[in-house]
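Data block below; observations after.
As written, the chains take the letters A, B, C and D, and residue 1 is the first residue of each chain.
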Amino acid sequence: MSMLEVKDIEVYYGDFQAINKVSINVDKGDVVSLIGANGAGKSTLINAICGINKTRAGSVTFLGKDITKEKTSHIVSLGLTSAPEGSHCFEKMTIQDNLLMGAYLCKSSAERKQRLEEIYELFPMLREKAKQLATFLSGGQRQMLSIGRALMTQPKLLICDEISLGLAPVVIKEIYSQIEKITQKGVTLLIIDQDVSRSLFHSKYAYVMLEGKIVMEGKSSDMNIDEVNDAYFGINFSKKE
Amino acid sequence: MLQYLVQGILLGGLYAIIGIGMSLVFGIMRLTNLAHGDLMILSSYTALTFCELLGGNLILAAILTIITMIIVGFFIQGFLLNNILDKGSEPALLVTFGVSVFLANLLHKIFSADYRGLANSLSNTKVISTPAVSISAMYLFSFLVAILLITGLHLVMQYTNFGRSIRATSDNAMAASLTGVNTKKTYIYAMMLSMGVTAVSGVLIGCTYTFNASVGSSYLIIAFGVVVIGGMGSLVGTLVGGIVLGVAQLLGSYFFGSGVQMLVAYVVLLIVLATRPNGLFARGARK
Amino acid sequence: MKNTTQHLSARKFKKVGKYSALAIILILLATLPLLNNSAYLVSLVTLIMIYMALGQMWNLLGGYAGLLSLGMQAFIGIGGYSLAVLSVDYGMNIFVAVLIGGALSVLFGLAVSPALFKMTGVYFAIGTWVIAEALMIFFSNWSVVKYAKGIMIKTVYHLSGTQIYYIAVVLGIASVLIVFLIMRSKTGLSLMAMRDNPGAAEAMGVKIFSTKLKCYMIACFITGIAGGVMYINLANITPSASISTQWTIAMTFMVIIGGIGTMEGPIIGSVIYVLLTQYLYNFPGSAMIILGAIAVIAIMIMPNGIMGTIHNKTGFEILSPRRTLSPSIKDILRGSASDTNR
Amino acid sequence: MNEILNVKEIGISFGSNEVLKSVNFTLYENEVLGIIGPNGAGKTVLLNILCGILSPHKGSIVFEGKSISKQKIAERCRMGFGRTFQVPRPFEKMTVLENIMVGSVFGGGLSEKLAKEKAEEIAAFIGLEDKLLWFAGKLGLLERKRLEIGRALATAPKVLLLDEVGGGLTESEVGSIIDLVKKLKTSGLSIIWIEHIIRTMLEGTDRVLLVANGTDVICGPPTEVMSSRAVREVYMGNEGA
C-alpha cells in the first residue's frame, strides 16, 4: 500500500528551478533511500514534502490525503515528519527538552514520559546527557538526538535527512543499527544519504537524484553500484577508468 | 545614600517587569518592539478608564486591563506583524515604530496632555519609616510582583509544553515546525503573553508615577536598557538589568540632583551597549 | 541596427527631457517668491526644502549605509542651539553660526562614534536614540543654553520669509546635490554595493567601516546645518522641541513612504510629508495618528516605498547614479549588433 | 613551479563541532586545484577561512611567503584573493557594469575611468557584454554565476576561489563554465575550485584535493584521485570499496 505519493512536484527558489517534476513513492513498512550528491536537491525535496518549501506544481499525498498545501505542523500531526540534519537541534535547550519537544502534540504528560523512555532505550547515550545543552553534543550525538526527537512525534513515516553527514564511519554504523530497530517498530522510513552502498544495503527501494531530477530508481538489491555511481555524478566515469 | 540604594533596587523590580515583555518578543522573533512603551502607557490608561467605570475598584480594573491587552497583543501579532516578519527584520521594526507614533498620539488626543495617576492606598503607605530609610509600600509591592512574575514565567518556560514550544521556536523555527509547532501561532501566543505582562507593568507604573501619552518613549528606552543589560531573551537577566538601571538612576539623583538622574542611567546603558552589546551576562554568543 | 539606434535615440530624448525638467524645476524654485506673492506657498516650499535635506541624510544612513538611526534629532538640536547661542549671546553672524553648528555636529558625531560603531542593527538604532535623549536632558540642565526654558532667537527676526526661503532652497538643493555627487563617486559605488549585499561588498575589497563612518560624518554635518536653518525659520528653541523624536518620525516617514535606498525617495517623501501635515493641521491632534497609520499601512503593502516600487516595476529613475558605457565598447556593441542584423 | 599559497594544519570548530581538524595543502602558481569532499566536509568553510570571513582556531596561511592570518576580508581581497559565492550574491539594484566596477575599483584599486574599461573588458570575457546595463537582479542563474566570476576577476586576484560555480546548472552550461575556467588559467591565475560535479574536476583541474572528516585525505592528478580507494570510501562507503 502506498503511504506517501509524490507526483510531478516542482520547487523554485526565485527563478531557479530546484526540483523538476519529481515523483517518488513510499510503501508502508518499507525503507526507501534517496541518494544524490551535494546540491542534487534532496533536502529541497524533503522540505517540500514536509510543507517547509512551497511547491509550484504537482501533488503530495500522504495516507490518501492531499497534503500539498498543508502547514508543516498539520503534516506532523498526520504522522509524517523529518529528522533534519543534526545542526537543527534546539541548541539552547537540554537534550531532554529537545526530545520532549518532539512530543509537543501529545497532551498527556504520562505518555510523553513513556515515549521519552522508549527513546532513551534506543539511544542510551541521550539518557546520560539528558540535562546537558544540545550545543555541547558532537555531530553523531546530534544526529541521534534529531532522529530521537522526530521519533517522539510517533511518526508513521519518518524522513531522515543527511543521516551520515560529516560523521565518522563507526558512528554511521551505530546509527544504522538503530535504524533497523526503528523499522522493527513499524515505522516507514525514507532515508537520505550520500553514502551510496550503505543506503542501498539498508533499503528496499532506492531513488537517485541529480540536478533536481530523479535519474534512476529501482529495487536496491537489483542496483549495480557502478551504475549508481554514474547516475550519482552524472557521467560515465566508471567506464572512463 | 542607603535610601537611594534601596529604592533603586526596588525600582529595578518595576523596570524588570517593563523589560520582560520586550525581552519575550525579542527572544522569540528577534524583533524589537518600538511600540512597547506606548503599549504600556495604553494599559495605564485602560486601567484608569476601567477604574473610573468601576468606581475605583483597582484590582478588577487591573484584571480587565490584562485581558484587554492580551487581546490587543493578538491583533497586533495576528494582523500586523505576522504578515511582515517574512519580509525581513527592518520592515517589522518600522511597523512597530509606526504603531508607536499612532498610539502615542491617539492617547494624547483622547486623554489630553494632562498627567494622570492611578489612585491607590499602597503608594501613600510606608512599610519602613526610619530616619535613614523610608520605603513606600508600592515600590516593595512592585518588586515582589516582579519576582513573582519572573519566577512564574521561568517555571512556565522551563517545565511546560507551551514554554518549551516558545523556546524551541526561538531557537530554530524550522525544526520546531517539524515537531508539530505552528510557529505563526506561537508568535501570537508570545505576543499575547508579552502584552499581558506589559499590562501589569502599565498598572504598576500608573500606581507609582503619574503618566501622560508622551512618556511612553522614555519607558521604551528603559525597557530596552533592561533587556540589553540583562541580555536579550534572558528572564533572570531582566531583573539584574532592571536593578542596574534603577540603582544607576537613583544614585545619579543622589550625586548630581534629580534633574539629571536619567542622564546617568542612559550613560550606564550606553557604556553597556558599547562594551557588552550582548548583555552583561551573555554566554559567548554563537555566530 | 534599426532597433538599436531607435533605442539609443529614445534614450537620448529621455535624457534631454529629464535635464530640461530639472532645469524648469530649478528656475521655478528660484523665481517662486517673484511669481507668486502668496506667503503661504513660499513658507510651504521652505519647509519642504528643509525636510528634504533631513530626509536625504537619514536615507544616506538608513537606506545606503545600513545605519538605521533614531537619533538624528541630536544634530538638529546642536545646529539649532549653535545658531541660538552663538548669534544671540555672542553676536555672531547667523550664517557663520549655522556653519559652526554643522561643524560642532561633526565633532559630536566623531566623539560618540567609537562607542556607536561598536553597535549594529537595532542596537545602533537605540544607541543613537539614547544619546539624543541624554543630550536633551543635558541641555535641559545646562546654563549656557538657558536650561529647559529655551532661547528666543531674536537675531533672525529681521529675516523676511523670502530670505529664509532662499536659504532653505540652497540647503535643499545642496543636500540633493551632495547625495547625488556621492552616489556618482567611488563612495557611491561602495554604498550601493553595501545596500544590496554587504557581505559580497566586503569580499570585493569595500572597506565597510570607513565608508559607514564617512557617511555618518556627512549626515551629521548636513543635519546640523539643516537644524540651524530649521531654527532660523522657527526662531524659538527649547531642548525638548529641538531634540525631539518628532524629527526622527518625520525623517523615517518621508524616507519609508518615498522609497528607502533611492535618491528620489526623500524628495517625494518630503513633499508628501509637508503637504499632509499642513492639510492635517485642520484636524488638531489627529495629524500624527493618521501619519502613524499611513506609515504602518504603507510598510505592509509597499515596503519599498513609492520610488522603490516604481523602480522595481519599470527601472525608472530621475536622479540616476547609473554609470554609462564608455564610447569604445558602445561602438563595438553597435558593430556586433549590426553584424548580426546583416 | 613556485608556491603561491601554503596552508598548514588549519582547524576550526563551531561550538563542540570540529569541522576542520587539520587541513594542509599547497597551491602553485598558475594551477587549478580542485577540492572535493562530501557534503558537510567543510569545503566552503575552508574557502571562508582563506578569504578572511572566518578565522581559524589553529594553523597558518602563507601567501607569497608572508603570513596573512591577521588580514581582514577587504585587505585580503586587495592583496589578491578573489572569490565567488556558492549562491550568487549580485548587487541586485545595480547594473552588471556597476557590479563588476565595484570589484575593479575597490579590489583592483583602479580609478573609476580605468575600472569601467576593465569592467567592460571582463564583461566581454565572461560573455555578458550585451547585458552591461541590465540590473543584476534580472539575470538568470547562469548569468549570475558568470557575473559572480566576473566580479571576482575584477578585483585583480592572484588566487581565485571558486565555490561551486557549476552547481544547479544544466549539462551544457556546466561545459561552458569549464571552458571559462580554462580560459582563466591561460591568463595566468591560480585557482582553487570547489565543486561536487565530478566531471568539472576531471576536465578542468590540474590537481584534486579530497577533504573529508576534517582533514586532507589525498591530493594528486584528478584521474588518480578519482579512482583512488579513498574517494570510493568517502563517497560510496566501506562496502563499496
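Heads up, the rule we're going with is that a contact is a pair of C-beta atoms (placed from the backbone, for glycine too) under 8 Å apart; a residue touches a chain by one contact, two chains touch by 3 or more.
Nothing here was measured: the structure is a model prediction, and the numbers come from that model.
The set of chains touching chain B and also touching chain C is empty.
When each chain is reduced to the average of its Cα atoms, C sits farthest from chain A.
For this pair, chain A with chain D, the centres built from the Cα atoms lie 31 Å apart. In whole angstrom, the spacing between the mean C-alpha positions of chain C and chain D is 40.
With centres defined as mean CA coordinates, chain C is found 53 Å away from chain A. Taking each chain's centre as the average of its CA atoms, chain B and chain D sit 49 Å apart. Across the assembly, chain D contributes residues 15 that each touch 2 or more other chains.
For chain B, residues that reach two or more other chains under the stated contact definition are 286. Judged by the touch criterion defined above, the protein chains form a single closed ring in which each chain touches exactly two others.
Going by the touch rule set out above, the chain pairs that meet are A-B, A-D, B-C, C-D.
Residues 32, 80, 83-84, 87, 89-91, 93-95, 97-106, 108-109, 217-218, 221, 224-225, 228, 257, 259-260, 262-263, 266-267, 269-271, 273-275, 277 of chain B are the ones touching chain C in the complex.
Residues 15-16, 18, 37-39, 85, 87, 91, 135-139, 142, 162, 165-166, 168-169, 172, 194-198, 201, 211-212, 225, 229, 232-235, 237, 240-241 of chain A are the ones that touch chain D when the two sit in their complex. The part of chain B that touches chain A in the complex is made up of residues 161, 164-165, 167-168, 171-172, 174-183, 286. Listed in rising order, the residues of chain D touching chain C in the complex are 51, 53, 73-74, 77-78, 82-83, 85, 89-95, 97-99, 101-103, 105-109, 112-113, 116-117, 120, 124, 129-130, 132-133, 135, 151-152, 154-155.
Residues 50, 52, 71-74, 76-77, 81-82, 84, 88-93, 97, 100-102, 104-105, 112, 135, 149-150, 152-153 of chain A are the ones that touch chain B when the two sit in their complex.
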